[in-house]
Every structure is written in C-alpha cells, then in structure tokens.
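Okay, so chain A shows up in both of these, paired with chain B first and chain C after.
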Partner chain A sequence: MIEFILKRLLSGVITIWFIATATFVGMHMVPGDPLANAKAMKPEIRRNIEARYGLDKPVWHQYGIFMGNMLKGDFGISFTQKNRHVNDIIREHFPVSALLGVMALVIATAGGIVWGALTAVYRDRWPDGVIMFLVVIAVSVPSFVFAMLGQLGILAFNDLVGASLLPVAGWGTFSHMLVPALVLGLGTMAYLTRLMRSSMLEVTSADYIRTARAKGVSPLRIFFKHQLRNAILPVITVLGPSIAAITTGGFVVELVFAIPGLGRYFVQAVQQLDYTVIMGTTVFYGAFLVVMVLVVDILYGFIDPRIRVAKSAA
Partner chain B sequence: MSDNNIIEQHKAPALDVRDLQVEFDAQGGVVKAVRGVSFSVNPGETLGIVGESGCGKSVTMMSVMGLIPMPPGRIVGGSAKLNGRELLGLPLRELNNIRGAEIGMVFQDPMSALNPTMRIGEQIAETLMIHRGIGKTEALKRAVELLERTKIPEAAKRARQYPFEFSGGMLQRAVIAMSLACNPSVLIADEPTTALDVTIQNQVLELMREIQREEGMAIVLITHDLGVVARMADHVTVMYAGQVVESGTVDDIFYRSAHPYTLGLKEAMPSAEMHVEQKLTAIAGSPPDLFAPPAGCGYCNRCNHALNICDKLGPELIAVGEGHHSRCWLQHAQAKREVAELYQGSKRAC
Partner chain C sequence: MTTMITTQHRLTLVALAALILTSLTLLSVPAHAIGLDYESRSISHAIRQEPPDLNTTTSTDTTSSMVLDHVMEGLLAYDRDNNLIGGVAERWELRDDGATFWIRKGAKWSDGSQITAHDFVFAWRKVLEPANASEYAFILFPILNAQAINEGKMPSHQLGVRAVDDYTLEVTLFQPCPYFLGLTAFSVLFPVKESFYQSRGERFAADAEDMLYSGPYIITEWVHGASIKMEKNPHYWRKDEIWLERIDIPYITEDANARMNLYRDNNIALADELVAESLQGALQERMQIKTFLDGAVFFIEFNFRDQHVTRNHNLRKAIQSVFNTDDLVYKVLGNPGSYPAYSLYPRWIKGVNDLYKREYPPIKPQLNAERGRQYLEAARKELGVDRIPPLTLLADDSPNGQKTAEYLQTLLKQNLDLDIRVDVQIFKQRLAKMTAGQFDMVVSGWGPDYDDLLTYGDLFLSHNLNNRGRYKSDEYDRWVGVAQSSLDTRERMDAFNELQKIMFRDVVIVPLYERGKIFVQHPRLKGVVRRAVGGDPNFNFATIEPPAGTAR
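Presenting the complex of A and B:
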C-alpha cells in the first residue's frame, strides 16, 4: 500500500511539472504582456518595471527562475496587485473555495446516490421519469444560469418568509454557503444520479442478489447490505474527476455570488495576464487535484476488497 | 401428534409440485414457459430434472422459490407444497422465513453467486442470523463449522476472505455451506456443476451426496448432463418445451425410455467407446416457439416416430409402468394395438 502511494505521488509530481510547464508556455504565447493594460508609460519606466519583475530576461531564463522558486514553494508577487504575494492570495482565498467545493461535493455525492438509488427502485414509474427529466436539465444547463436562478430563488424565498434569511451574495455564514454550494454541485449531482441509477439496475439483476433473496434476506436488507455497496463502486471512481469539475465550476459560481474564493482571482489574473498569479493558482489547483484523485483511489480500496489486495500486491 | 401421524409425514413428499403454469410477458406476446409441470420428491431422495436449455426447468424451480421477477413473470396456476404447506402466493415476509431455512438453493455459476464485497463467512452467517436469530459472533463461528463441513481447508482463515480469493470449486462449496446453514428439508441445485471442471464437479457432487446421507434432505437437481443424473438421481423428470415428457425412476429413464425425446437425449450423449472421427449425434431441429405453443406435441417436428395425431393433439402423460409416465401417443393403448395390427399385417403380406 505504501509503495502504491509513493508511486502515485511520484507520477503526481511529474503531472504537476507538466501542468506548470504547459501553463508557462501557453501563457507566454498569448499576445500582449502584463503591462499592456496599464496607462501609457515612458519607455524607461516600462524598462524599470520589466527589470523588477524579470520580464526583460529571455523566456527560458524566466522559466528557470520560475521553476526554481516554485520548488522552494514561492510563487512570487502579483503583477497587478501591489506587493501581494501569490502565496498569500492562495492562503487567504483557497480555504473559501475549498469549503464551498467540499460542501458542493458532499451535496452532489449524497444527492446523486440517493436520487440514483430512488430512480432504480422506482424504475419506469413516475418518480423515475420526473427525476431523470430533472437530471437532463441539470446536466445540460450551464452553472451560471443556475447561479442566477439560485439568486432569484433566494429573493423569492426571502419575500415569502418576510425576512432576509438567505443572503443573495457574499460570504461568511453557513446561510451564505448553502445556495452557492447547491448550485455548484448540481451538475455533478445529476451526473452521479445517472451513474448510480444504471449501476443500481445492473446490480439488481446480479446473481448474488438472487442468492440473497434465495437465502430469505428481506428486501430492505438486500438494498442496504448487498445492492448499495456494490452499486456505489463506479460512483466513487468518478469522484476524483468530479472534484475537478466542481473546483473549476467554482470560478463562475464565486463570481456570481461575489464569494471571495480563489476562482475569482484566477479569472481576473487571466484577463490581466498576471503571470505569477496564473502560474501559482494553476499549479496549486493541479497539485490539489492530483492529491484528491489519490485520496479517492485509496478510499476506493476500502470499499472494494478486490482493489485493496491488488494494490498491496503491487 | 400421534406416532401414526409422524410416520405419515415422513412418507409424504418433501416438495410436491402440481400442474405448475408460468408465463412471461415479453415484447410481442406471452411466453408460456412452464405448461403444467408436476413432480414430487421424498425426503432423502434426489430428483433429477433434465432437459435442454430453455425447456423451463430453471423457471419451474425459480417459481417455486418465488424468485422469478413479477412482472414480467406470472404464475398462472398450480401448486407447490413444501411439507404440505403451499408456497405459491405466500406473502414475501412468510416466504422469506422459508427461503434459506427450509429450502436451500445452489446456483449454476458460483463465481457470480456470491456478493463480491462481503466476506464469505459473513455471507454464510447472514442466513443464520436471519433465520436462527443468533448474534453475529455466534453465527460467524457456525459459518466456520459449515465451511469445515464442506471440506474447505483452513476454514477459519477462509471465512475472512472475499469471494474473489476463492477458486470456482471452493466457491461452490461455500455456496453449498450457505444453503445448508439452517438444515433445509429441500435443497434445490440449479446446474450446480455446469460451471466447474470435471474433477471439481465430481468432488462437489460427492459432497452433496454425503451431506444428503447424513441429513436426509431431499435434493432437486436441475441439469442437462445425463451423466450427473445417472449418478445422483433416484427419480428423473425429463422436461421439454415447458412440459414433463417423461418421468420415472432413474432405471426407467435410462433402461426403459418411453419417450422419443429421452431416447434422443441418450443418443446425443458421447460415450467412451466412440471413435475420434465419429460425429456426435444431435437431435435435429429446435424446440417450438413458446409464444404460441403448438396444438399437438411440442416434439413432433423433431420426432422420427411421429404419428398423424401428434401434430393435432398433444398427448397426456400416459402410465407406462409403476410410477413411470410418458407424454407420447406411442404409449397409448390404441397406438400400440394399431402398431401390432400393422406388424401382423405386414407379416401376413410376406
């Protein structure tokens, strides 16, 4: 098991290096430069600033400096925000994004499993039809539409209760998080619902379910002890990629709900070609996802004994 | 209860199925999968049910166990009595008290018959916990004993393993251990050895026989392997197109076959004396479409001995000997008489 984790960590490091390099190259291929947005400036001022940020050096030299600093865990200072370290930006704003993401993921997973199991139990009856119809909508409508619908919903809800129970935007309390997390998790929830449904249906006709029925096991116990655990396996496999979907989806939701998460800074940085912030956040997100996928893989081993043994043998 | 009664009960069949009819709704019509099947099996005896794939032998036993999906399945008529108690139409709660406790079931493919995410011991213990109401620790201990009983080495260690860590033969032993956990009076084995290779097959059959000798339970053995039937069964029921075409003792079926289909099955069996170049004999044609069962005998299109009547009217089961029945017009008194007359006529013409 330890060997397995070490192997995965090593391949993770290579992945992150690749992400960093690709982002670096891609960024420098974008026309324009970080100073293009600033007001007209004298050539010598421009040269001064370029020297200060290392932009006067050849690109491969910049790459070397960047990589060296990254190894030390230093992502440099922002180009557009005065005297702000990228590390500080991540430290201050990532926890917000992470909290939102975790909530969204919990909602998506729990919802996906429950709805998926329900549709399988009520297969071809009206609850199945209704849920699957909603699932198609949730998968196909982009999250910014849901984000705005969510805000409208909050307004309507507050009107109905006659008090400002749910804030429309901003950050701070649990009530701030609820609707954004729901919106953020919606697409993933719909996807997991479909997956869970087909997985449940497959398991329902499995031989070992017939064996359990022949043993005289009650339907409820069959559902929880025999079906659910086997049906959840494929759902767990896609949790890793789902985390990616949720974190990237978070950018939009954070913008609409004015949540001070990392996503907002990321989008701003791309618009302003803030090299260091783009690099820092991209590499950070990359590393985060690599770790998350690894965690999911280890988790999978706890649920499926077959994987566990294969891993310890590896 | 008087002594007389106990003796009476002992003589009564453990499982008695009468005129069972099962249908399935399918796209394009209704499949009449089982068309009036009757058989019974006494305690301590083994009944072999043989027939080719799709003849309804598995559906029959699944219906008795209440395991066919309903809908699309439907039990149209008949009865199935376990020790005198009607099983068909029992509410699920009561049926669940019987399944696993009084009837055990062993399935064809042991590789997929066990839950892949549950330890073997737990799966056996589950039966005990449900029916005997004992705690988990106690049930697990009993599970290990059951595994030992089915001759699984290092049973205590094996009980903590998962199905994928077992070989096919070991798994089938575990399934047998599971089905025997509550000492059922009937064990239904649905092609228990089809998925196993011959040496393992032998061991599993031997094990079933041995346990039957000790426990005295009745076994219903569903198979399409006549070799297995010859070895294991006391009585045999041959099924074809959802009906019983011949039934009798194992000697009746093998030495005094009274139905062309049984003869066909016997001829199709490869024998040890065959030459390498010799082709295997097969019964030409295929079984009738059960969407629209034929008015006459289902076998007559493939039968070498078909009479004019066979196409128009299906025969009933005709007694051929003591406890030996055949669903064939050739066994009818009139047919026998006419054949005899024909025979004599041809002799006169000579």
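Presenting the complex of A and C:
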C-alpha cells in the first residue's frame, strides 16, 4: 500500500511539473501583452513595471525564477491586483469555491444515486422516461442558463412570499449557497444519474443477485445490500475528477451569484493575461486534481473488499 | 457485527445533528442587504470587480477610484456639480512657474493626526520612484525633475516639491501647467503619511487596516472579492456636510443581469452599467431608467504609416463622406444612452463660459455618396491603382466593436465598392496590433485620464504613444503646445478648436459615438454624482428622502 502511494505521489509530482511547464510555455505563446492597457505607456514607465515583475529578464530565466519560487511555495504578486500575493488570492478564495463545490457535489451525488437507482428500478416505464429526459436537458443546457433561471426563480419566490427569504446573490450564509450549489451540481448530477443507471442495470443481471433472489432474500434488502452497494463503485471512481471539475468550473455560477470564489479569478486571469495568477491557479488546481484522484483510488480499496483481497493474495 | 452497526449509527446520528445545527446557525443570520435605509442613513451598492489597487501611488483603474474618492481627499476636491473646491488645501495659487498650497488646519487623517505638506511631498516622490512602478507617474511630469526621477536619473528628493512648513506646500513647475489644480483632486496626487507607509511596508493598502484615510469615509471591513463596508470618518474636517453614515458594497459581480436582479429584490440602491437585455423587466415594472455619458468617445482611426493606402487623404475623405454616425448609433448599435459623436470632444465638456460644443460647434460632414465616389476616384489615380486593395479593419470582440465593423463593411461596399477585411481580436490583442501598425482602419476609443480637454486634445500629437496610427502634423503639434502651456482659458479653447478643425479636415478620425452608461436608482436616493473622470458613482453628497408618510 505504502509503495503504491509513494509511486503515485512521484508520478503526481511529475504531472504537476509538466502542467506548470506546459502552462508557462503556452501562456508566453499566447499573443497579447500582459501589461497592455487602453493607454500606451511611456517606455521608462514600462521599464519600471517590467522590472517589478521580472519581465525584463529572458524567458528561460523567468522560468527558472518561477520554478524556484514555486518550490518555495511562492507564486508572486498578481499583475492586476497589485497589492495581492497569488498565495493570498488562493488562500482566501479557494475555500469559498471548495465549500460551494462540496455542497454541489453532495447534492449531485445524492441526486445522481437516487435518480439513477430509480430509473433502473423503473426501467422502460414512465418514471425512467421522465428522469432520463430531464437528464438530457441538464447535460445539454449550459450552466449560465441555469444560473440565470435560478436567480430569476429566487426573485419570483421572494415576490411570492413577500419577503427576501432567499438571497438573490452574495455570500456568507447557508442560504446563500443553496441555489448556486444546486445549479453548479446539476450537470454532474445528470452525468451520475446516467452512470448509476447503467451500472445498476449491469448489476441486476449478475449471478449473485439471482442467487440472493433464489435464497428468498427480500427485494428491499437485495436492492440496498447487494445492488446499490455494488452499483455505486463506478460512481465513486468518477467522483475525484468531478470534485476538481466542480470546484474549478464554478466561474459562471460565481459570476451570476456574486460569489467570491477562485473560479472567477482563474478565468479573469486568463482573459487579462495575469501571468502570476494563471500560473498559481493552474498549478494549484493541477495539484488538487492529482491529490483527489489519488484519494479516490485509496478510498476505492476501502469500499471494495475485492481489491484488497486481490492485492493481499498477490 | 452488532457493535459495528451501532458505531456506524452513532456516527451518522452525530453527523446529522451537527449538520442540522450548523444549518440552523447559518440560517439565523440575516442573509441579504437592504438597498437603502433612511433611519440608519445607509445604502448598499454593487460594483463590477474587486478594487484591484487601493494604493493611491499606483492605482489606475476606475473601480479603485470609485472607492478611493470616498475615503481619500487631495489638496483640491470636487463639489456636487463637479466644480473644483478646496479639499485638504484651503487656499492655493497657480503661477506659470509653480503653485503654492496652504493646508487647512484641522484637516486630519483618520487616526486624528494633522495632514501636513510633508505627506504630499512623500506621496509624490513615491509615485515617481522607479521601484514603485506607477503607471500614472507621467501625470506628475509637469513638476520640475519629475521625469528624470522616474527614469532613475535623479534621486527623488530633487523633485520640485517642498514643504515650507507643515501647512505650506511649494510646487515648482518645469513648464506652465494650466490644468495642474484639477490634477490635485486626482488619486495619484493624494497624500500618504510616511510613518504609516513605512509601518506597513509591502502590505500598504492591501487591507482595510493597512490604509489611513483623509476623506469623508473610512473602510471598516474589506473581504476580498466579496464586500467592502465604509463608514463616516469621524475626523474628516467637513463631516457635518456628509449625510450618509454608511456605504455598504456587499456584492461584487460583473454580471449586469445579476445587478439588476439585486436591485429588483431591493438589495442595492443603484444598479449600474446595465445592458439592454436586463432592461426588459425594468420597463415592465415602470422603473425610471437613467443614463449618463461616461466620457469614452469611439472613433475610426486610420493608419498613416508608409505602405498603407489609408495615408491617402482623398481615400479618407471618401469614407468620411459616406459615413452616417446617426444610423450607426440609432439603427445598428441601439444602446440606450449612447449618442452620435461629431468630434473627439464629448458633448458635456466645458468651454470658456458654456458647454464647449455650443461655443465651438464641431463640423458635421455632409453625407454625399456621389462626392464620396469622386474622392475615391481621385484617390485611385493618386495611388496609381485600378482598384483600391482590400482594407483591413481591426476591431475588438465586444458587441459594439463587431457591430460597428460589420456596419462599416457593408456601408463601404455598397456606397464605394470598397472591400473591407474585418479583423476581430480580443481587447489586448487589438491594442497589440494597433501598436504594431497591423491595420488600415481600427474601431478604437478614448476615455479621459484627467479633468481637462487636453486629455482628448493631445491624443494625435506626433509623439503621443497612444497615437497608434502615427498621424503626424506640425500644425497639430503647434496647437497642442499652445493648449499645454497657456494659462489663458480663451486662448486654450481657441487652440482646441483649431485641433478639432484639423482632425476633421485631415480626417484623422471618423467619430462614431459617445458611450452612455445605463442605470436604475432608488427614487428616494438623491444627490448621487456621476463622473466621467475619476471615481464613479460618488455618494459623498448623497441623501435619502424619508419614506412617504414620515415627517421630515
């Protein structure tokens, strides 16, 4: 087990180095000037700013400095937020995105498992049809549409009850999170529903289910004890990447609901060619993804005894 | 087996209880802001982005300006009609070779200490120090030795600024600067207290407690990316004239629809910079939609570099003769609040005694397609070609930029049979291509840096770096020289009019439109000042009317 984790950690470090290098190269190849503004700068003023950000040095030298600082855990100062360290930006805004992401993931996973199991149980009957139709909508409609609809829905709801029960936007309390988390989790929920459905159907025709039925086990017990538990495994596999996708993919939701998450900074940094923030957030998210996938792999072993058994037998 | 199940159950129960408890605590906090409240004299507002830089010595953007104009004050300030009045300075004197400011006794920092002339000397030196890397340092260049200091050729203590004593600031100008007084109301020239600056080091202005305030309000809380709270500054010298006790900014979002929804739910008192789509609901609910011109003027700029056919005067004349800015603004763009432009100077700018456009009306081109074709024919002969080669029209990927480019493409094809290749780029790349000269025509715009017509007038000065089409005219440069150095208002305004005439005659630009901002504002909120230069909107003079039925 330890050997396995160490191996994975090493490959994780290589992956992160690769991500950092690829981003650095890509970023410098994108046309456009990170210091460009609507107003042209006098050369002497530009020189001062370039010196502040180390842009006056050759690119390979900049790469060296960046890698050195990254090892020390320092991503430098933002180009656009002139007083802020990229580390501070990540530290202050990632927890917001993460909290929203976890909420969304809880909603998505719970919803995905329940709806997926339901469609499998009611296969080819009307509940299956209705849910699968909604799933297609949730997968294909972009999240900004749901975000806007969600916000209009809150307005209509507040209008109806005659008081601002649910906040239209903003951040700080549990009620601020509800609708954004639902909107954010919708796509993943739909995806998980489909996954859960097919994996349930596969399990239903398995031998051990037939055996259980033959033994006379009650259908409810079969459903919970045998079908659900086995069908959940593939769902858990995709949870790792999903966590990363949800916590990073919240840009639109964060924008519409005025949530101070990291997703907003990430996208704006790319638009404004804010070199340090691009590098900082990409490397951070890359590392986050690598760790999440690793965690899921380890968890997988705990949930599925067969994997542990196979390992110890070998 | 049994014990395991009970442990699991117990864990689940604990987790459930914890979840319910946290949800309840979180829910009990009031979750939304209130647009305005007469009793507590407070308003809520939403801004587009986190203020990128509240350090006055380096700040350049409009969002930071908006916050800074509430919490800081310079030597001079603006009143509710945007006229210059005394701020930290109670008296001043502007001469050809310098200026003197007498600091108000009783003008205090938010820690209760007196603001002194030394605080201005320190701040201005800081702005110019190369290591400070201030983008707006050039605004101080009229001061003696400023440019040399910024280029690192001189130490900053040689700047032509001196504190004669705590209450007298002496400025030596390197050339006459008729608009210098207006500059002192601009954030780059705001004071900084040296001891406070040193105590904060790198952290200066990074958080609310890392700032010292000289203006009507102080920032009491700043949650990055989320909210800013401002409260009345108890040490502000004019605090009795400030009515609002609190200005909250609980929302930061670039989404115009979200701002509109917040306004409709009465969470904010003013929803700014709306887009046409978000107005549907507003119209149905009979809200009063307001507009104001934000100072940005848009135009087509030509490339005057060698090898570009747009160097040809007759070709530019041909385009000017067929271009209809009214059609573009009213039929194509359809942005409420924007106006057709006939000059580089916006319509609200002041002249000698009245609006500039009344005293010196711009020349409107006579639309005449036949005339246009004659100019084109002349251009074709002068260039010695059978057919004008396709022209590259550069534009950015904003809706307005693209619509303008497409309109122009169709118009020039129909009227002049000119082929236009539209090159759409993201904003920064559009600028990069402009600087590199990779265009024949470009849809461009300009907003003011400071409160003087010169911020528009010197745009096409031959060595101005923003003159990216490289237009060059000795006559134009001469008149800019007059406008830069004369202290006589009439003489300056005449000079600006000569520039206006040259821009039309030489077709340096084809003016397109003046951009308007659309907003809705709570009917009981009064006295909000809108500004094209510096921070906008400004609530320093705002008041709230009592709700209907309340005695005043």
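Things worth noting here:
Operating definition for what follows: the second predicted complex is superposed on the first by the 306 of 314 C-alpha atoms of A that agree within 3 Å, B and C clash if a C-alpha of one lies under 4 Å from a C-alpha of the other, contacts with A are read in each partner's own complex, and residues count from 1 in each chain.
Convention: contacts are C-beta pairs under 8 Å (C-beta built on N, C-alpha and C of every residue); 3 or more make two chains touch, one makes a residue touch a chain.
What you are looking at is a predicted structure, and each value in this text was computed from that prediction instead of being measured.
Overlaying the two complexes via chain A leaves chain B and chain C side by side, clear of any clash. In the superposed pair of complexes, A:A51 makes contact with chain C only, with no contact to chain B. Rounded to the nearest 10, the angle at the Cα centre of chain A between the centres of chain B and chain C is 160 degrees.
In the superposition on chain A, no contact is made by A:K72 with either chain B or chain C. Judged by the number of chain A residues each one touches, C leads among chain B and chain C.
In the superposed model, A:Q151 makes contact with chain C only, not with chain B.
When both complexes are overlaid on chain A, the residue A:G170 reaches chain C alone and has no touch with chain B.
When the two structures are aligned on their common chain, the gap between the nearest CA atoms of chain B and chain C comes to 6 Å. Chain A has no residue lying at the interface with chain B in one structure and with chain C in the other.
By the touch criterion given at the top, residues 206-208, 210-219, 221, 225-226, 229-230, 233, 303-306, 309 of chain A touch chain B in their complex.
Residue ranges on chain B touching chain A, taken from their complex, read 65, 67, 92-93, 95-101, 104-105, 107, 109, 112-118, 126-127, 130-131, 162, 164-165, 175, 178-179. Across the complex, chain A meets chain C through its residues 31-33, 36-42, 44-45, 47-49, 51-52, 80-84, 88-89, 92-93, 148, 151-152, 154-155, 158, 164, 166-176, 255-258, 260-261, 264-265, 268, 271-273. By the touch criterion given at the top, residues 22-23, 26-27, 29, 31-33, 46, 49-50, 52-55, 58-60, 130-135, 137-138, 147, 150-152, 203-206, 223-227, 250-255, 257-258, 261-262, 264-267, 426, 428-429, 431-432, 435, 445, 447, 449, 464-466, 468 of chain C touch chain A in their complex.
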